[in-house]
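I've put the structures underneath this note.
Each of the next two complexes has chain A plus one other chain: chain B in the first, chain C in the second.
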Partner chain A sequence: MKIKLHILMFLMLPLFAAPPAVRAESASEREHKIKAAFVYNFIKFIDWPQEKTPDKNKPITIGVVGSDTFVKAFDPVKNKQVKGRRLAIKRFGDWDKLKESQKKNDSAWKEKLEALKKCRVLFICSCESGKNKVPVEIIKALKGSGVLLVGEVPGFLEKGGVINFVTENKKVRFEVNSTSAKRNKLKIRSQLLKLAKRIYKEEPSEDAKN
Partner chain B sequence: MLSVVRNMTIRQKLTAIIMLTCIVALVFAGAIFIMWGYASAKRNMADNLLMQAEMIAEGSKAAVVFEDKESAMDLLKTVRTNRSIFHAGIHTGDGDHFADYDRDDVDSHPPLPQKDGCVFGDDYLVACKAIVLDGEIIGSVYLYSDLRLLHESLRNNAILVLAALFVAFLVAYLISSRLQKVISGPILNLNDIAQQVTSRKDYSVRAVAQSNDEVGMLIGSFNNMLDTIQQRDMLLVAANENLEENVRDRTAELTREIEERKKKEVELRGLQEDLVTTSHRAGMAEVATDVLHNVGNVLNSVNVSVDFIKGKVLNSKVLNLNKVADMIAEHTDDLGTFFTEDARGKHIPSYLIEVAKLADDERTDVGDKLDFLAKNIEHIKEIVRTQQAYARVGGVEAPTNISDIIRDAVEINSAGLNRHGARVVLELGELPKVCVDKQRVLQILVNLINNAKYAATKSDSAENLITIRCNRCGEDRLRIEVSDNGVGIARQDMGKIFRHGYTTKEGGHGFGLHSGALAAAEMGGRLAVDSDGPGKGATFTLELPFNSKEQVQCTR
Partner chain C sequence: MTTEKSSVFKFGFTLILLILCGVCARAFAEEARSGGEEDFFDMSIEELMDVEVITVSRSEDALFRTPAAITVLTSEDIRRSGHQSIPELLRMVPGVHVARIDSNKWAITARGFNGLYAEKLLVLIDGRTVYTPLYSGVYWDVQDVMLEDIERIEVVKGPGGTLWGANAVNGIINIITRKAADTQGTLVSGGMGTEEKGFSSFRHGGKLGENAYYRVYAKYFNRDEAIYSDRSPAADSTDALREGFRIDWDKSERDHFTLQGDFYKGHSGLRTRMTSPGVNYQTDDNSDVRGWNILTRWTRKYSDTSDMSLQFYYDRTERYAVNLGESRDTFDIDFQHRFQLLDGHNLIWGLGYRHTGDNTDNTYTVAFNPSNRNEELFSGFVQDEITIVDDLLKLIVGTKVEKNDYTGYEFQPSARLLWTPDERNTLWASFTRAVSTPSRAYTHMTNKFNSIPPMQFIGSSNLKSQEVKSYEVGYRVKPKDNLFFDFSLFYNEYDHLYAQENNPTAFSTIFDNKMYGETYGTEIAAHWQVNESWKLAGGYSFLKMQMHTENSSTNTTIASRTERESPCNMFHLNSQLNLQDNLEFNTTLYYVDSVPHWDTPSYTRLDMGLTWHIRKNMDFSIIGQNLLDRSHPESGEDGVIATEIQRAVLARVTWEF
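Moving on, here comes the complex of A and B:
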């Protein structure tokens, strides 16, 4: 019976496979999904300080700065259980808009900043916009707030980000700024650190300079 | 097998027993040791492998979730230090191959296990551990180990046990060969002594008991036995030495004895002759008693006759003739007138006639008595003559009328019979003359009649009756029965009645019937008695052969 079922499923496989084949998942889409999974998994290897830990019944929030398409990449992990809590995804819209709001420095921005600070992880998507610029403003705004800042542009770590994705041989890897992590009171497990492509440590002078 | 055991010496048996015991114990212990060692080695191995799998599972979490295969491979490579592990692998949660490690010499590996834990295959051990991250199974680690070490440890243990067994065997042999002497030593020593005793016939040696156990007791018993044997042996040797001498002595003794015996034999022969003579004399004495008895019997009759004659003569009426003669002498002158006138004279002639008659009668009586007397005296003479005949040639048989003999016997006893008022009835049949020893038959009959008279007078019966019958009995025998109605004989006395010295008479000798029976037997006849019991009288029967001339001679 079981064998028959398997054969049936095997025969039906092309039917399921057909739509992706038609739509043809793009490389970036796949990359986004991997990154989303990575971000989700980072939570498991990183310990946040006590004050950042919300109540049991409240979800752990991942904030996403970027386009909707990227936010969609988080759908597989949405509402998953992590560290005994539900995982929530919060969209903060495009980086540019945030920047503008920050410049105004009005109440809307302050409200947004509070929301940003409440997130555990803030993933700042920059490839979509194609600018490949380091979101220095956001990094500065959230400096020492205990939020895990994850980026995907070169120089992200140098500007104070904690984890930065890099692509190597079409494989997604990451690097870590241990100083920044310490500053944000984040304890990154050695296993994760071991996998990091690079561990960046800020020079004290540079720190003082910033 | 049994015969092998039977043919073993005690020494070997003891050693074998001790060693067998040791080896069995050691093999048992060794087997347990090996089994326990194998089990614990297996458990240890499984534990270790599982621990290693756990460590890898722990360490590979990040690598798996972040799909860092290199890192996972690096981690897997750490198992290289354990050369037993020939394959290691990490699979992701959905069962995909994530990372592998194979020992250099391995190109294939057994199937995957289904669940966590350790499983022993035919020649491998696999440990499986799930990689769990935040409560979610994200993959599994598999470690395959070969059983080389396990087998090696098993082999080592076996070798160790075998070596220990071998050493223990040697030690047990050494110890047992030493210790068995404690038991076998005294026994072998005893055996040596026994052989010494057997070969040298030396019973003076003794075994020394070294212990107080059963062997010590055995040695004690053996020594006691030797003591006994030694004593017996000494006696035997002494006896042997003396034997020849003894034989010589004994031979001499025997020779002497034989000579003595011969001498004795000669003496005995002489004695026998003497004895024969003596007995002959004794027989004669017996016969003499017999004779005297018979003579006594006859003398009784003689006495009676003499008394009678004497009485007759003394009281004879003839004596009155003297008065008549005197009267006649007075009257010689006038005899005529006297015979005719005188009152007394007138009776004389008739008286004389009377006297003459009386005298005649008396003469006849006395004559008869004298005849009888003479007959009795003749009888005595006969008795004496018979005795003489006995002593010399034997009795004289003459053809005789048996009735005469019976009558004579009655006559001889008549005086006594008359005195006691006994009546004799004779019932004599017609018989031819027979040739018997008259005197002996007469004696027997006199005796029997005498006895019958005695018995009859002793009884209470009104009339003392004696009946004598004489008849033929068969072709050539006659039977004389003397019956009385006297006191009779008790049955228990029947046997004794012919015995010498047995009597019921006062003043009797117990000789009459005895000699009578002997005489009857000598004549070829027999004397028997019968009685219906005490008070019912008795009958004596004398049986004799007719022509007994030859018979008598035969019996003599």
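Moving on, here comes the complex of A and C:
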């Protein structure tokens, strides 16, 4: 009898509280919201060569690679303006699928590549399919294309990414590859650089090899 | 019967209270949402760099996919629980039975066989084994750290002998403190209460160079005497001072060094009673306890799938009481290496060596023969994590081999199967064999009673290891992002369990391995993040024990006694509620079934705590413990006289700067 009573109470637990009005956000979602805000701030402190002849009507596009659960953290960016221009978000979906398409090198990929190159910023999420892997393929494809490549995985800078997020003491930090920034003709202002946790410079020989 | 009824009544009463809390929570949450939604886009980079990402991340993911019955208490759980000591914190772990004997003694176990001398748990603090080789149990009064510095407490129920080694028969408790880099700045905390009369702790952390961090800490507490059932005070007041440090150095991306040490000194009050026909003897005493330890660890990371660690520690413990004196030195060295052997085979192997030497004082009741002894333990293990189907099915097989001075070689193999069909479901099954090797007390101790005729317990040098074969299955599911369930079922077969047998040389009993038996049960845990401001966590466990003795055994009571030493059902429900941005309300309800052998009725315990974040880094808490009754017993006499747990109130201030 005693046992039954407790099991019953246990089962009834969910009834005691009304259904949650708001779904609690997961830590990863929160983390990506923070990162999205970082990216929004980055744009303020980075000068692109094409900005010398600005077209005020064209939005600044931020591309996001990764599953929708996480990249939707970037959505609020749409309502923002930087340097007098609107911001736009372009989702490219999962990295894995992108990689497959790249392998086939079909017309769909060529279209995608053009779209990728048109982005001012490309954030590559390492949350699901690309778990802990450096998206070398994308970095290579966009090398020197003037796109600000932002990642969140150790080794991202070493493979040619421009800005990488790291988590330290539960807080988001970023590091910069200054060589790669130069190669992409991105001018990162000193206000931003001084906040970086680490500034990575590629060895000249490494650069030559590439 | 009346206690049963009132217990059920209290239980219902508290549940109603919790429902009311829930209703309030919803109202407050509504308010919090409309006002308090953080907009990161309005923040500068500097401000963003100060926002905490709540860590669930990879470690929680790893936890979700662990093929064992594991529970983790986070630093948040610990802070919000209001508990002031490690043994009390373990009440929050489903399936762990915490029975407080007096203000400095606890009987703690998982999956049965509880008692003051419970000896089937492996307890580690930052990689240092803290159960005593004297009787394979844990002196809980001296197992302490600064609670604010605990990163997490991992509790594995069931045997874990393969990776962890001997004594991990019924469970492993692994207390992990934060890295020095995570405890920077100064923290001062202190308070007082009706039972916890005074407690204070201090910690300071700083940088030692580019990549090295340190912290130093000191902590003191003074705990009041408990009371007996007749409300007279027990002579068991306790105090302890503890100091320590930790240094963490990231020498490079791959090399990490840790150096840490602690020193403690305390008094644990103790009242013993010897009763046998014609004699009724009682004595009050203080255990003078003292100890220090130093540990160093080097870890090197080769890649995501490969690393190694080398650890060394020295541990000294001293304990002097009227009935027993002991000092002990332990040296331990451990090496582990993890790497990918072939595609789909993640191998982990290790070697260890432990030397422990003791020095016991013979007293009028307890004598060890020999009184000094050095023991050596050699161990090695290998485990292969085989990926059968990528991201779906894994088989983990391995064994530990140990050579000890009592029984020679011991093999502790395990096989675990892990099925992870998607991100939300994990199913696992395992078979494990683990042993608890004989200890000094069961082998070399003579316990004399001043009775007429004289009686003695005598240890036996012919003891075999106690053995368990454990069959487990478990299921974890996240039906929604904010909802989590964890189920485990176990069936254990024990053999060669210790039991006292009549000694032919009359008037004494001697230990032998003539008890065996089966236990089975379940543990269920649930977490529900109801909304942004309210989190519920609950646990339920059930345990059934069936013990038998061999036909040749002369002990007719041990089997039924052992069966009756652990509660059948346990339940707890914890509510963590943020009333406003700066106000937290925490409630925990515990139910523990009766323990027939100890004559302890079932009890329901309610703890409540209110924490006010006065400023960003300053908290003030008022905590009420065991609010439902004036006092109740949790355990019975087991060599010392059990006391009752009183209602208690305490206040605590924590300031970090």
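Quick notes
Everything below uses one rule, namely that the second predicted complex is superposed on the first by the 183 of 210 C-alpha atoms of A that agree within 3 Å, B and C clash if a C-alpha of one lies under 4 Å from a C-alpha of the other, contacts with A are read in each partner's own complex, and residues count from 1 in each chain.
Everything that follows uses one rule, which is that a contact is a pair of C-beta atoms (placed from the backbone, for glycine too) under 8 Å apart; a residue touches a chain by one contact, two chains touch by 3 or more.
Here the structure is a predicted model, which means the values were calculated and not measured.
By the touch criterion defined above, A:58 lies against neither chain B nor chain C after alignment on the C-alpha atoms of chain A.
Contacts of A:97 after superposition: neither chain B nor chain C is touched. Applying the stated contact rule after C-alpha superposition, one finds that A:140 touches neither chain B nor chain C. In the overlay built on the shared chain, the residue A:38 is in contact with chain B and with chain C. Contact with chain B, but none with chain C, is seen for A:189 once the two complexes are overlaid on the shared chain. Touch counts on chain A: comparing chain C and chain B, the chain ahead is C. In the superposition on chain A, contact of A:76 is made with chain C only, not with chain B.
Applying the stated contact rule after C-alpha superposition, one finds that A:201 touches neither chain B nor chain C.
Shared-chain residue A:170: touches chain C; no touch with chain B. When the two complexes are superposed on chain A, the residues of chain A that touch both chain B and chain C are 34, 37-38, 41, 45, 171, 173, 192, 195.
Contact residues on chain A toward chain B in their complex (touch as defined above): 34, 37-38, 41, 44-45, 81-83, 171, 173-174, 189, 191-192, 194-195.
Put simply, chain C touches chain A in their complex at residues 4, 8, 11, 15, 18-19, 22-23, 25-26, 29-30, 33, 39-41, 43-46, 48-57, 60, 181-182, 304, 480-482, 524, 526, 528-532, 534, 536, 538, 540, 542, 568-569, 571, 573, 591, 593, 602. Residue ranges on chain B touching chain A, taken from their complex, read 59, 61-63, 65-68, 71, 133-135. Residues of chain A touching chain C in their complex: 2-3, 5-7, 9-10, 13-14, 16-18, 20-28, 30-31, 33-34, 36-38, 40-41, 45, 76-77, 80, 132, 167, 169-173, 192, 195.
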